[in-house]
Amino acid sequence: MSFFLSHFNYIAVAILMMAGLFVLFSSGNLIKRMIGLAIFQTSTGLFYISLAKVFGGTAAIAVEPGSSEARELASRLDPAYVAQYGVDGVVYSNPLPHVLILTAIVVGVATLAVGLAIAVRVREAFGSVEADEIDVLSRVEATQPGPQA
Amino acid sequence: MTALPSSFDVTLALDIVLLVMLLVVAGAVARTRSLLAAIIMFSVYSLISAVWLVVMDAPDVAFTEAVVGAGVSTIILLGAILLTRGEAERPDWRRLIAPALACIAVGGLLVFAAIGLPGLGDAASPANAYVGRAYLEATPKDIGMPNVVTAVLSSYRSFDTLGETTVIFAAGVGVALMLGFGPRASLAPPSAVIGDHHVVPRVAAKLLIPLVALFAFYVQFHGDLGAGGGFQAGVIMAAAIILHALVFGLRETMAAIPPRVARSLASLGVLLYAGIGVICMMNGGGFLDYDYLFPPSVEQQIPGWLLGDSEHAHHWGQHFGIMLIELGVLLTVSATMVTIFYGFGGRTVEAARQEAKQ
Amino acid sequence: MIAFETLHAAPPALTAHAPLLMVVAPLIAACAAALAPSARVSWMISVTGSVFAAWMALAVAGEVARRGVVDYVIGGFAPPLGIALHIDGLGVMVALLVSSAGVMASLYSGHSLTTEVGAEKHTLVQSGFLLCQTGLLGLVATGDAFNAFVFLEVSSIGTYALVAIGEKRDRRALPAAFNYLIMGTIGATFYVIGIGFLYAATGTLNMADMAARLATLDDSSVVQAGFAFVVVGLGIKAAMFPLHGWLPGAYSYAPSLISIFLAATATKTSIYLMARFVFDVFPYGAAFGQAFVTWVLAPLAATGAIVCSLQAVFEKEIRRILAFSSVAQVGFILLGLSLATVGGASAGLFYLGAHALIKITLFMALGGVALSLGARRLGEFAGVAREAPWSATAFAIGAASLAGVPLTLGFLAKWRLIEAALQAGAIWVVVVLAIASLLTFLYVGRMLEAIFFRAAPAGAPRAREAPVGVLAPLWVLAGLNIWFGLDASLPEQLANSAARALLGAAP
Amino acid sequence: MLLAAGAAGLLAAMAMVIVRAIIGPSHYDRILAVNSFGTKTVLLLSLVGFLFGRPAFLDIAIVYALINFVTTIALMKFFRYRSLAQPLGLSAGEEARDG
Amino acid sequence: MDSVLSWIGGGFVVAGVALSLLGAIGVLRFPDFYTRIHAASITDTGGASLVLLGLCLIAGLTLTTLKLVFVWVFVMLTTPVAANALANAAFSSGHKPRIGTFQIVRTDERRKTPRGPDAP
């Protein structure tokens, strides 16, 4: 397998992260920024999952050893390869990054929800979700005295 | 490189095609100015990445990405643009230079590093050979459940999952603080609605809602054996409730599950999780060490047939512990998702009315 | 010497689990606070949870004093399979800092929240505040790199919304919170990417294990990129100089409970984690590690210290002055660490603790007065000293300590930094410190001048003295500023053992 | 072999539908495209399970079919009512029958 | 026997995919929203039924078949309803179908000529 093919995943994921970051940085609209942020976070997950893939592996949900399913899976691979990397005759992909990314996805949706909630309040307070307009209004605010308690 | 398994050609082909699709869709999100189009493309992005995740042997993650990315995120985003504006302004091209440079710097660093990584699928890479493999080998012995991802998630790295549940709870607190208060007069029954008739979706929803809830329980209790678990089940359960709110109106749903109840359930879920940890601790083990979930005197009372075969009987603590904490996760996640939906959905009417008044 | 071994007086059954209880107690309290029927009850829960966490932190300090380092295995699986907590001298210092700041802030919150936030939200605010505490303590305690990310997010997610509820007083809190969220998430995601690279190189997530495996690896592009992402990500979270854009807004518009707690702890824990990575996890001997400290960390820290002090001098709003000053002080701390000697690290860490104490005093004094005044800009504080002498005096003590007036803690902290720099032969650090200190004098002078020596214009709203509930913790803090200025054995002991833990050198 | 061909065909169909989702022109077209894309995803997921010898992953296909429905209803309400809180309307007679 | 069934199943799968492909071409090429939704909703349900039927044949009588039936039921419940709801929303919000004789117009002409029901 050529170098390009074996590293295609990482490069594609890098471009996806760049795309997410670009949406995030270039857009003045708060909602669009959150979408960019979500893409950025998701693509981080793709990176981890690419790390976890094993040739000819299957998902890390154990197959009953010796069952027809296990034999069927093993029959697709070189026996020497299975003997070296398999567990009970089946080659599995690495479960650990999957666990980490489950957590990261959850963190991502939590961030998204809180960020959007704040954006909605920004709109209610400033009448806009464009960063430029909010900046202008904030600068006006800075010259005003504080509210009297 | 050892002889390639023949099926890997298919895997690689699927992998590359799906990644290219992802790139195209991400480009479309970057280009479009319509926020709604961006949201729709984002949900497509989630769909594609979930298929990709299945191809990459991560069904649990795919499950989560499906329910979160294509489901909850899209609905939250829709709720948010209802309360804001649908179009983003076109940025001046000169202001794109600095972001572009920053992105290129980050991307360059990523590619620089990626070149040094072992190639895709290398079973001997440090990432796959060390701890990852150890989990695969140790799980049958330590925990005795087929789904290694669930085992790692809720037993080996259960502290992470406690943190994750807490994050969700924190998000619920945050959204409730932002959007959950204020007058809700808007939830008065709608005055004889426009004369639309939506019999088909209503009937379909009536059929589907119980099925979805049932499916959530299946996912919850099937998590040891197949893809799924508390988090996914929680989101699916929340989807059933959200569907109810979408079809029969938020007012009805809030009458059934008041916001305060939802918030309390969310914190009860975290309490249950942490409480299991503390119980293990009081019985002489470490925090969340399920082997100590029940004191030894109780352990002897538990009949062996409860777990099916005697071979796995010594894992009963692990099984019960995992079941209970997954229940906590289910509670927190579903209640928080509902709270978040209440926040955005409940606000919607109010803001729309205020704007109509002005 | 303070005998931490016996100070806490906790029963052995608790002490055995203290590292964990320190993290989980605020978490359980957070859930309970969200369930609480009234604001009053939730406040009591908050105080109880914080005090319990602080007690447990003391117990951990005792254990560390006895054994040097405390490891606590969670779930019965030893690392690298399971997650373990790992606390050494450095961790103890930061944990004590965070938990005592938590106690102070929660005591203070009983009064401040009633004026700043609607009553119906109190239970949730307390809950969010406790979650933030959980996250920071978990971050300090954990020995697992990914677990640290989770706790980083636990502390952040709640905080974003808590900063945003400052909008009741100043609507700029909302965009500031949004900005904070964006930058914070980018930082955390960079950290995750970095951990991903390190995981790809080593195959493990446990920090100690990672360090052991990194030491045997060659210097590869993967490790270097991992290092870069981790440091930049944590640099954003720690408001390291060019990445500090989110901080002034977030600190100045948040409700005072939150700005007090954040100013004392949030950036400090990120610095802590960064220090652990730079000095513990990465083989410091590696060329790129040293190059980073000498050519990136130190110059940025110096620039930050000067530029942000200048910004503070020209700022008009009093809370923004303090916020910019915080960024400048982060520069001081990092300067100390970047000397990479035990003396330098000890001085930097001493400064870290000192700065936390100073800022919490200042923000609390300010909060107490501003509560009644609703003031923001410097001019509006004219003549406050006459209306609220107790608060103003406490503020003055904190400010003097910030400026480094002798007989205060701030003076000692600066002095130790200069000493360490001279020892390490880094004259330029002394020059930077001198310039930045001069600028500090300037902005501190401006604040004190407005509060003490300017007469209030006629018809201006009159400030009221803060109530006893605020004054009591405030004066404890102000007193500590003086006490430690005279007898710094406690912070010195902590900082020295922390520095030794960090650099692994004999005293 | 046939299954692999099927997967390839589905991928091609998905690509076409994505193009429709990108070019629009109206938002309805986009939603239509996403909806159709979702159905094809369900099929592809089922196929991939068989292709890789692990048909147990059909659960994901099921959950997709469900989530797809919820999202579409949400999008529809977005257009029709500009609100996620309103109930779906019924005309008077149907209201009585529907309870 | 087994292999015969799986070949027949494979045939069903390919037929279903072909139907989906046709639908996708329709979604891409048809002139307006209402014709496109027509193309999409018919072929989605038809294609899905064929593919799932084919997979059932391959799987034989196992738990997998039951799941496939579930997938089929859900697809049958949701896809038409979603299409109905979408078309309903589009129509009642005033999205007009394009009415008139259909003819192929070259791209450059399309820009110039105004098109209506009675355009040549």
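Think of it as A, B, C, D and E in the order they're written, each chain with its own count starting at 1.
We adopt the following convention: a residue touches a chain if its C-beta (ideal position, glycine included) is under 8 Å from a C-beta of that chain, and two chains touch if they have at least 3 such contacts.
Fair warning: this is a prediction, and the values are worked out from it, not measured in the lab.
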| item | value |
| --- | --- |
| Touching both chain A and chain E (chains) | B, D |
| Target chain B, source chain A, minimum contact steps | 1 |
| From chain C, the most remote chain by mean C-alpha position | E |
| Between the pairs A-D and D-E, the one where more C-beta pairs touch | D-E |
| Between chain B and chain E, centroid-to-centroid distance (C-alpha), Å | 30 |
| Chain B and chain D: spacing of chain centres that average the CA atoms, whole Å | 19 |
| Chain centre separation in whole Å, for chain E relative to chain C (CA means) | 58 |
| Length of the line joining the C-alpha centres of chain B and chain C, rounded to whole Å | 32 |
| Junction residues of chain B - those touching two or more other chains | 7, 59, 79, 110, 115, 117, 125, 127-128, 131-132, 135, 157, 160, 163-164, 167, 170-171, 174-175, 178, 196, 198, 201, 204, 208, 211, 226-227, 344 |
| Junction residues of chain E - those touching two or more other chains | 74, 77-78, 81, 85, 88, 92 |
| Sequence positions of chain C contacting 2 or more other chains | 146, 150, 153, 157, 160-161, 164, 193, 199-200, 205 |
| Touch-based graph of the chains, sorted into line, ring, star, complete or other | other |
| Contacting chain pairs - touch in the sense defined above | A-B, A-C, A-D, B-C, B-D, B-E, D-E |
| Chain D residues within the chain B interface of the complex | 4, 7, 11, 14-15, 18, 21-22, 24, 27, 30-31, 34, 37-38, 41, 44-45, 48-49, 51-52, 56-57, 59-60, 62-64, 66-71, 73-78, 80, 82-92, 94, 98 |
| Touching residues on chain D, where the partner in the complex is chain E | 1-3, 5-6, 9-10, 12-14, 16-17, 19-20, 26, 28-29, 31-33, 35-36, 39-40, 42-43, 46-47, 50, 55-56, 58-59, 61-62, 65-66, 68-69, 72-73, 75-76, 79-80 |
| Contacting residues of chain B [partner chain D, same complex] | 7, 10-11, 14, 17-18, 21, 24-25, 28, 34, 36-37, 40-41, 43-44, 47-48, 50-51, 54-55, 59, 62-63, 66-67, 70-71, 74-75, 78-79, 82, 186-187, 190, 192-199, 201-202, 204-205, 208, 211-212, 215, 218-219, 222, 226-228, 232, 236, 239, 242-243, 245-252, 341, 344-346, 348-349, 352 |
| Interfacial residue positions of chain E with respect to chain D in the complex | 7, 10-11, 13-14, 16-18, 20-21, 23-25, 27-28, 33, 36-37, 40, 44, 47-48, 51-52, 55, 58-59, 64, 67-68, 70-71, 74-75, 77-79, 81-83, 85-86, 88-90, 92-93, 95 |
| Parts of chain B lying in touch with chain E, wherever the complex brings them together | 196, 198, 200-201, 204, 207-208, 211 |
